[in-house]
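What follows is a group of structures, each given as structure tokens.
Look at the two complexes coming up: chain A is in both, with chain B in one and chain C in the other.
Moving on, here comes the complex of A and B:
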């Protein structure tokens, strides 16, 4: 009897172990489902604010407008209907609040019951108007008014847009190009700084360091990896940013350069550890053969060991880039976060993670802004997925036999 | 140039680079210790912030971080441990294991902010936990899960096969072998991994931004459905927002130093464990 109970418990435990084995896969699947469910909702949302519509006078022949055109009309960049396929007449943008400068509150009746009617009158009297109204107050049965058809936010405007203004009214702009470019820009320079440094240290650790130096360097690198990113960000904010500002005589120190420097430091442990492991894996026979042929230690390193470890080193670089792309807090604190296309190292940039961290708190749950931030999360997720998988593929590549 | 000279130059450069890395670390640590040491006192660690975060201490943030560490470990450690045992002891080397290993690596590579997004969508909104310790703990637990699985797996892998064979030969079942022989031997290394992940959890900011962290909440939490302040988020808030940056700087230095001390302590503890058990486990 006792034996049977024991057997059953053991079977149960084995089942539990197996179940736990699947938990990471389950987590990944859930992450994919939730990110994409919220994120892709963006493309089913209308281009203008929720529960608002755009209305024109019925005599206006203009068709559907896209979000960029709508925004530029209200920014007075487009001023003539002919630019948008209408008659040659000045566009008169009209926001709902403008009604209060035309009519007194008393003229709008109790509880604004006359508001729709008055709005209708304004639109009817002005043939070149473009009115931005809440659906609630759209005048009913008004023959002089036409509601413009609204389009959904398109993937093209999202991935190809160059303006990130997620809270603009009437039409928010969700162009992620500046954010993607900002992320790549900062990460690229971070790796450019970190790679030579990291590779040098890795060579030193695997080839030259004696036991004493290793005992000093290894814990140092581990600590470097252990320091929380918010502490790096803080250090960058109070030390690097003022330093950069003074040294380069810039108006503000919060620049892409500050972000790249901090990210370089943060990517170092990843690069060093993986590259060192790869170089250590060089077979002793190859090393000795090279030395026996009269090559110096240095020649052996750069002609035998580094080429042999090249796939491992590539994996180190890829993972370092991945770390830099996904880093949030440090970048958020030192790059200044201006959502513009990066042009130089000495200007402010904004990355995808920083955007999510800075804006999600203020984005109303379920709105387009919220959805767009989840879609940014999807992009980030896909990038890191590609990074992880390619690092895996690269490091498993057969060793370069030709050397 | 002579090839020996070349070698001397190259090696000198590598030595210099290595010293530079140590130098960078010392610069960061030294700066924060130097600036923060004046702020940290018993009072700083045991009182709540006052005067719009320009005075008082960081007790609620410390307590909050402890809650999050405890919560995430309670969730992630058993699951990670069992998952690691499955991978190394039961699963063999087939397609399923390879798949799981790829998935675990991928989970480990996902940026922390994505965990924050996911935690918000699943735990805060879908499960309806709201901003709470439990939502934050689950999110952080997922984040350290790959680390715990990997260290468990590696610790188990380091146990020589002969121990298992010996136990099995004496008539013990596979489960008994794991519980009585393999796990106890691997435990020091598993605990080392656990300690390092505690260090990681106490410093993560992005995952807790939208799942638990409170901007200012001077009282201590009553239940796992309460919001809490947390050290890393507190540092972010004090460093970047607030009306009087100059007056709150000392608080920021003190908070940063507290965080650094936690990480240092965890690394030290892990190092000691490794050193202490390192010799004992290796038997042949």
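Moving on, here comes the complex of A and C:
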């Protein structure tokens, strides 16, 4: 009888654990599906704001415009229709609000019921106009007016675009290249700083420090990993940023360099801990063999121990990179967040996570801005996925290399 | 030639070697036998100062190799270890190619002459009776060799730096009987050129390979004499008991 109960309990427990594993996996999969579903919706959205259209005079031969052209027209960068395949005439961009500078409110009727009609008149009278109107006020049955066909936002303009202006009207610009480059830029330099430093500390801890020093330093370094990133960001903002500004005599201290330095400090504990563990895992027999051949301690370190631990060291680097790429708060606080292509270490840049954190709050749910931020999340997810997979592959490499 | 005078050695407060004095002649094979924990390996590792790697140890007495006390401050440990090679209990090749394993000792010695390195590697592998088996796969990983081959590779690696003394710490204990007999044959040949000191817990092995044998017990060198005499007619009762298998 007791045996039966035990068996049932065991089965129950087994089921419970299987269930919890299943639920967790399911939740993760659902999150990923949600991320991609929201994000990929962007490519089904029109390039101009929802419920708005672009209208031209019927005499204008120009076909569909892409979002960049639309933006440049309203920025007065394109000023002549001939640049866009039309007649040689000046482009007259017209925003819906401009109607109020032509007509009095009283002329538009009590409930603006005359508004479509007046808009129609404006467009009909001006052959070179490009009008940006709400769909609601498009004049009906006006033969002098042609609605431009609108394209959807293309993956090309998203992944290849170099302008990130998600709230620009009439056509928001979703070029993620500056953000991706900003992320990689800051992370790359962070690793460049953190790797030699981390490796040095790891070698010191595993090979040179005496036991007392090690017992003191190791927990202290591991403690660094536990400090919330906002605290690092705060430190960076208050200490590092002014320091960089003064030391390098820059107009602003909030630069890619500040972000890289903060990230390097944050990635150090990961790199040190994992690399040190890998080096300490080098069998005693390897050290003894090397020393017994008359190698010095230092020769043993760089000819035997570091090569032996190289897969662990690589894993440490990759995990450090992973931490750097996904880090949000500290970077948001110190890099200045200018969404431009990074050219030097001494200018502001903006990273993907910082963009999401800064903009999601003000992006209307379901809109193109919102969708584009989700797509940024997808990109970040894919980057970190690649990083984790490479860490996994590298750390599983057999020791037998460095021949 | 190796000579020790009144060696006492401590691991912390544990008295591991008690007043050990010994003389080892060149071009002989000397075996140390004794029960586990008797101090024979500790004693062997004094000769190339491997015990330095263990923290919290202390030593008194003199250990003289080629006329110099190797525990003098003026002695460079890495130079000493080039003169006194060592082969360990378990084969411990580096995760490198067969060639690079043997060349390692030369490379850390700042030997840059490639032709010389190649020649030395070949000579060492020939001396270790491994050349014929590996000459076609020198670029292959050392881990692809069998355990016995790995151990001979480790011997070749030790020989490459031209030591005059070779220490062997139970070199065959992790090997099968065929590999063991190969190592023993090798010891016979190497004796011509090197002074060999071997620690073994296999008394037959000691009897087969060595000229002189030292019997250790509880940190003391109980008896040290010609191997033949030791095994046929030991002086001390403890030696007699150990050799005949009454304990240990």
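Worth a mention:
Everything that follows uses one rule, which is that the second predicted complex is superposed on the first by the 388 of 403 C-alpha atoms of A that agree within 3 Å, B and C clash if a C-alpha of one lies under 4 Å from a C-alpha of the other, contacts with A are read in each partner's own complex, and residues count from 1 in each chain.
Note that in this section contacts are C-beta pairs under 8 Å (C-beta built on N, C-alpha and C of every residue); 3 or more make two chains touch, one makes a residue touch a chain.
These figures come from a predicted structure and were not determined experimentally.
Once the two complexes are laid over each other on the shared chain, residue contacts for A:150 go to neither chain B nor chain C.
When the shared chain is aligned, chain B comes close enough to touch A:227, but chain C does not.
In the superposition on chain A, A:299 contacts both chain B and chain C.
When the two complexes are overlaid on their common chain A, residue A:180 makes contact with neither chain B nor chain C.
Set against each other, chain B and chain C touch different numbers of residues in chain A, with B touching more. In the overlay built on the shared chain, the residue A:62 is in contact with neither chain B nor chain C.
In the superposed pair of complexes, A:168 makes contact with neither chain B nor chain C. With both structures placed on the common chain, the touch criterion links A:201 to chain B but leaves chain C unconnected.
Comparing the two complexes, residues 296, 299 of chain A contact chain B in one case and chain C in the other. Contacts from chain C toward chain A in the complex involve residues 48, 50, 53, 55, 78-82, 85-86, 88, 90, 92-97, 100, 104-105, 107-109, 139, 141, 143, 154, 157-158, 161.
If you check the complex, the residues on chain B that touch chain A are 3-4, 6-7, 10-11, 13-15, 17-18, 20-22, 24-25, 28-29, 31-32, 79-83, 85-87, 89-91, 99-100, 102-114, 116-118, 120-122, 125-126, 142, 145-146, 149, 173-175, 196, 199-200, 202-206, 209-210, 232-233, 235-236, 239-240, 249, 252, 256, 259-260, 263-264, 266-267, 271. Those residues of chain A whose C-beta lies close enough to touch chain B in the complex are 6, 9-10, 13-14, 16-25, 27-28, 30-31, 34-35, 37-38, 196-197, 200-201, 203-205, 208-209, 213, 216-217, 219-224, 226-235, 237-239, 265, 268, 272, 296-299, 301, 319, 322, 325-329, 333, 353, 356-357, 360-361, 365, 373-374, 377, 380-381, 384-385, 387-389, 392. Those residues of chain A whose C-beta lies close enough to touch chain C in the complex are 211, 283, 285-296, 299, 303-304, 307-308, 399-403.
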